[in-house]
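Okay, so chain A shows up in both of these, paired with chain B first and chain C after.
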Partner chain A sequence: MLTVSDLSVTLPMAGVPVPVLSGVSLTLPRGGSVGLVGESGSGKSMTALAVMGLLPPGARTGGQIGFDGHDLLAAPEAALCALRGRRIGMVFQEPMTALDPLMRIGAQVAEPLRRHLGLSRAAAAARAAALLARVGLAPPRVTPDLYPHQLSGGQRQRVVIAAALACGPDLLIADEPTTALDVTVQAQVLDLLAALTAEAGMALLLITHDLAVVSETVEQVLVMYAGRVVESGSTAAVFARMAHPYTRALFAASPHAAVGDPAPIPGVMPDPRARPPGCAFAPRCARAGGECTRTVPPLLGTDAHRVACFHPHAAR
Partner chain B sequence: MKGSAWRSPSLLAGAAITAVMVAVALLSLVWTPYRPTAMDFVHRLAPPSAVHPLGTDSFGRDVLSMIMAGAQSSLTVALIAVAVGAGLGIPLGALAAARAGLLDDLVMRGCDLAFAFPALLTAVMITALAGPGAGNAMLAIGIFNIPVFARVTRGAARGVWAREYVLAARAAGRGDAAISVVHVLPNIAAVLMVQATIQFALAIVADAGLSYVGLGVQPPQPSWGRMLNEAQTFIWRAPLLAIFPGLAIMLAVLGLNLLGDGLQDLLDPRLRRAR
Partner chain C sequence: MTGFLLRRLLILLATLIAASLVVFAVLQVLPGDPAAIMLGTGARPDTVAALRHRLGLDAPLALRYLRWIAGLATGDFGISYTYSVPVRTLIGERVLVSLPLAVLAIVLSTAIAIPVGVLAAARRGRAADAAMMGVAQVGVAIPNFWLGLLLILLFAIRLPWLPASGFPGWDGGAWPALRALILPALALGLPQGAILARVTRAAVIETLGEDFVRTARAWGLSRRAALWRHAVPNALVPVVTLIGLQFSFLLAGTVIVENVFTLPGLGRLVFQAIAQRDLIVVQDLVVLLAGSVIAVNFVVDLVAAWLDPRQRLAA
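For the complex of A and B:
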């Protein structure tokens, strides 16, 4: 249903076009689920925003984003407006800032219902109340006439989820939906997302920097680094092998998966303005050899498992 | 909110003074001690007394009645001038903020151009060309409020456009116009309200200036500016004739500025907390 092929995005930084995404491809069948994993700055949000047609002004794109027969990169703004919130819903990272502070939560959930489905004020309000109850925000503790600042972070994220799901979209994009939440709430919100999407047969694109988060939630995983996909495949295959050294480093850095303390990945991701000519991970990689610093390793393998590395790990 | 309002003396004082001004202006529509235009040549230049609390002017008109009627004309001119400025300036600024790029540049350069003219002088020029009178005074003052509101709106709106809930609204399929109305304007309403109060005070001064030079409200309808002008001739014999309208202008401006300051203090921290 969603097919991203060879997506590239350049953004102007101080007037100079800088590539932030290169050759990103992913396929998400109807009702399927894909996890997009990588450190902060690896291009996950840009991928999501490209699908939504909400890239920052001045962005230049290449490749295709097919959604149910439309090419989203070529679609006019009006067509995208009709799709956003109706067929594609999105949940953002910061529940503290993703809600309008001056609007009641019920109204924020009802808004897309009125806009996209043409519901009357009363019908939309009733539906919004039901949606809020479905995400676990029911009276007497939470009523639709509350304002965002009267809710906790986890409750606000539930409001955001209810609003994103209001029109029953075919695809839900969740960009780090639990990153800003307390650890105890994270699992609940993830479970809620998984349950709601499964129940409605909705496809899920789950973005996170925590590799362990996706292991139980999604069917396929894409690991991104510096604007490229470095490893992809079915969740089982990727976790069974973790062929790319970056994938392993990411896993070791996860606060949820590591056996001992999480081990932060040494070094920093190269700035998109000054990426090395070869593999972008080479400067931080213990296995890097000569060719790693000269040529970008191609993403090779089968649909079940691909890796972009000259010195991949064998099975774990 | 009530608690913090009571803790702000400038808000209270400003609201009280402004409320009195508005009440006096409204009252003058139905009642003044004397008809403000009624002349009494026997009692010219009378000092304040029990019959004429603020005395009479050189035509024997009751000064208190004139001040009351002047409040009404002054507040009306200022209100409509600010409404014109806000009514055109806010949409322009909101549009500029929503459509960064050429349109934004156009609107902002237009504002720069408007600011290059000294406002009061140009208002004098406009009313001199278009003819004196309350209507043209409102327009002339209103025109100079347009760029003020456009700029303030654009600046504040750009801040809202950068917030994540606007991105979330766009991701929900809302267009620029709907976002401007549903999310941007309510979130900058406080800033605009404060600005409107300040502009209101400036408009009262501008109106007084225009009617002082004879380009505002026309006789026989009284205005504070013309009262000041007419008092000049008798400034040594009857200085109070200049002092009372001067005080009225000063009080009106003071009240509105205090109100603006108080509103700013009241609304800003509350909004910051709510965000």
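For the complex of A and C:
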């Protein structure tokens, strides 16, 4: 249903176009689930915004994003507006700022309903109240006439989820939906997302920096680093092998990983304006050899498991 | 809400008392004896003393202050030293000019500035934005009295559509009076509108970058719908605050434009009263204007609370 092929995005930084995504491909079947994993700046959120057609002004794109026969990169703005919120829902990272502070939460959930389904004010309000109850925000504790500032972060994220799911989309994009929440609430919100998408047969594109989170939630994983996919495949295959040194480092850095204390990855991701000519991870990689600093390793393998590394790990 | 209003009223009273004390004290320190000024330089000392006694100027300070405040509280503003008419009548006539003028100017300024500011923000960095903000920059830089002279040249002399100066009063009907206020309202409102447009543009550009605007776009709202439904309402609080400040200024800070159009407004009254040491008029006007500034701020707070539930529910 969603096919991203060879997606590239460049953004102007101080007037100079800088590549932030290169050669990103992924396939998400109807009802399937894909996890995009990587550190801040790896390009995972940019991939989501490209699918939504909400890239920052001045962005230039290459490749294709196919969604049910539409090429989203070539579609006119009006067609994208008709898809957003109707067929593709999105949940954002920051529930504290993702809702309009001046508008009651019921009215915000009703907004996509009124826009896409043409519901009357009363009908949309009734549907919004039902949706809020469905995500666990029911009276007497939470009523649709509350304002966002009267809710906790977890409750606000539930409002965002209710609005994203209001029109019954075929695809839900969740960009770090739990990162800004308390640890105790994170699992609840993830479970809610998983339950709602499974129930409706909705495809899920889950974006996270926490590799351990995706292991339980999604069928396929793409590990991204510096705007490229470095390892991809079925969740089982990727977790069984973790061939790329970055995947292993990321897993070791996860607070949810089963083994030992989280181990931070030494060094920082290269600035997109000054990426090394070879593998972008080479400067932080203990296994890097001569060719790693000269050529970008291609993403090779089968649909079940691919890796972009000259010195991959063998099975764990 | 009742507590909010009560607290506000108390603050209003306290501010008025403080303002009255300050203006009373300052005017005592200023050189120039009203009685001497009224009688001229050739007056005999005993005539001056008699007048001082008749005006109550020889009473102790505290007593004079209390007399004045008690008068204000009962609606007796005293008698003007120079015109020998009740100050209330004097101010009342001027308010009938200044208040409609201020309302007209602020309506004009707001009606132009908000659409221009929002459109410029929506088209920021493009030709329409540059053109509108270029005009606004000129508007900010033009002194209002000079704009008033230009308007007189164009719309009163070159094209004889509107009166160049003077005010016929409201007794002859609303239309002749309003006609006399149109050019001064333009001269005052356009430069204010230019400032307001720039503030509106900056506020809308800021809210356009907010996460909730992106959320609205992800719900399928067009750029325009996200702008008007989410970005603009969130940008209005600072804009309303500035409108309140501008209105307070327009009530009495317009002496130069009033002179250009020879309008009998509050600004000229303040100016004349100070020049002629008509202390009682100055005192009354300052307290009145302080009160109106506080009242306008109060209305601004109410509007902000109405716009923003965070302020409403916190109060």
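As a convention for this text, the second predicted complex is superposed on the first by the 315 of 316 C-alpha atoms of A that agree within 3 Å, B and C clash if a C-alpha of one lies under 4 Å from a C-alpha of the other, contacts with A are read in each partner's own complex, and residues count from 1 in each chain.
As a working rule, a residue touches a chain if its C-beta (ideal position, glycine included) is under 8 Å from a C-beta of that chain, and two chains touch if they have at least 3 such contacts.
Worth saying up front: this structure is predicted, and the values here are computed from it rather than measured.
Novice: Does the chain A-based superposition show chain B and chain C clashing or fitting?
Specialist: They clash: once the shared chain is superposed, the two partners overlap in space.
Novice: I'd like to know which partner A:239 touches here: chain B for first, chain C for second, both or neither.
Specialist: In the superposition, A:239 touches no partner, neither chain B nor chain C.
Novice: Considering only the touch criterion stated at the top, classify A:225 as touching first (chain B), second (chain C), both, or neither.
Specialist: neither
Novice: After the superposition on A, what does A:281 contact: first (chain B), second (chain C), both or neither?
Specialist: Neither partner.
Novice: Could you point to the stretch of chain C, among 20-28, 38-46, 56-64 or 92-100, that collides with chain B in the superposition?
Specialist: Between chain C and chain B, the clashing stretch is 92-100.
Novice: Could you tell me which stretches of chain A are touched by chain B in one complex and by chain C in the other?
Specialist: In chain A, residues 52, 54, 81-86, 89-90, 92, 94, 97-103, 111-112, 115-116, 147, 149, 160, 163-164 are touched by chain B and also by chain C.
Novice: Quick one: which bits of chain A touch chain B in the complex? Just the residue numbers, please.
Specialist: Touching chain B from chain A are residues 52, 54, 57, 81-86, 89-90, 92, 94, 97-103, 111-112, 115-116, 147-149, 160, 163-164.
Novice: Going by the contact rule at the top, pick out the chain C residues touching chain A in the complex.
Specialist: For chain C paired with chain A, touching residues are 210-212, 214-223, 225, 229-230, 233-234, 307-310, 313.
Novice: State the interface residues of chain A toward chain C in the complex, per the touch definition above.
Specialist: Residues 52, 54, 77-78, 81-86, 89-90, 92, 94, 97-103, 111-112, 115-116, 147, 149-150, 160, 163-164.
Novice: What does chain B use to touch chain A in their complex?
Specialist: Of all residues in chain B, those touching chain A are 100-101, 163-165, 167-175, 178, 182-183, 186-187, 271, 273-275.
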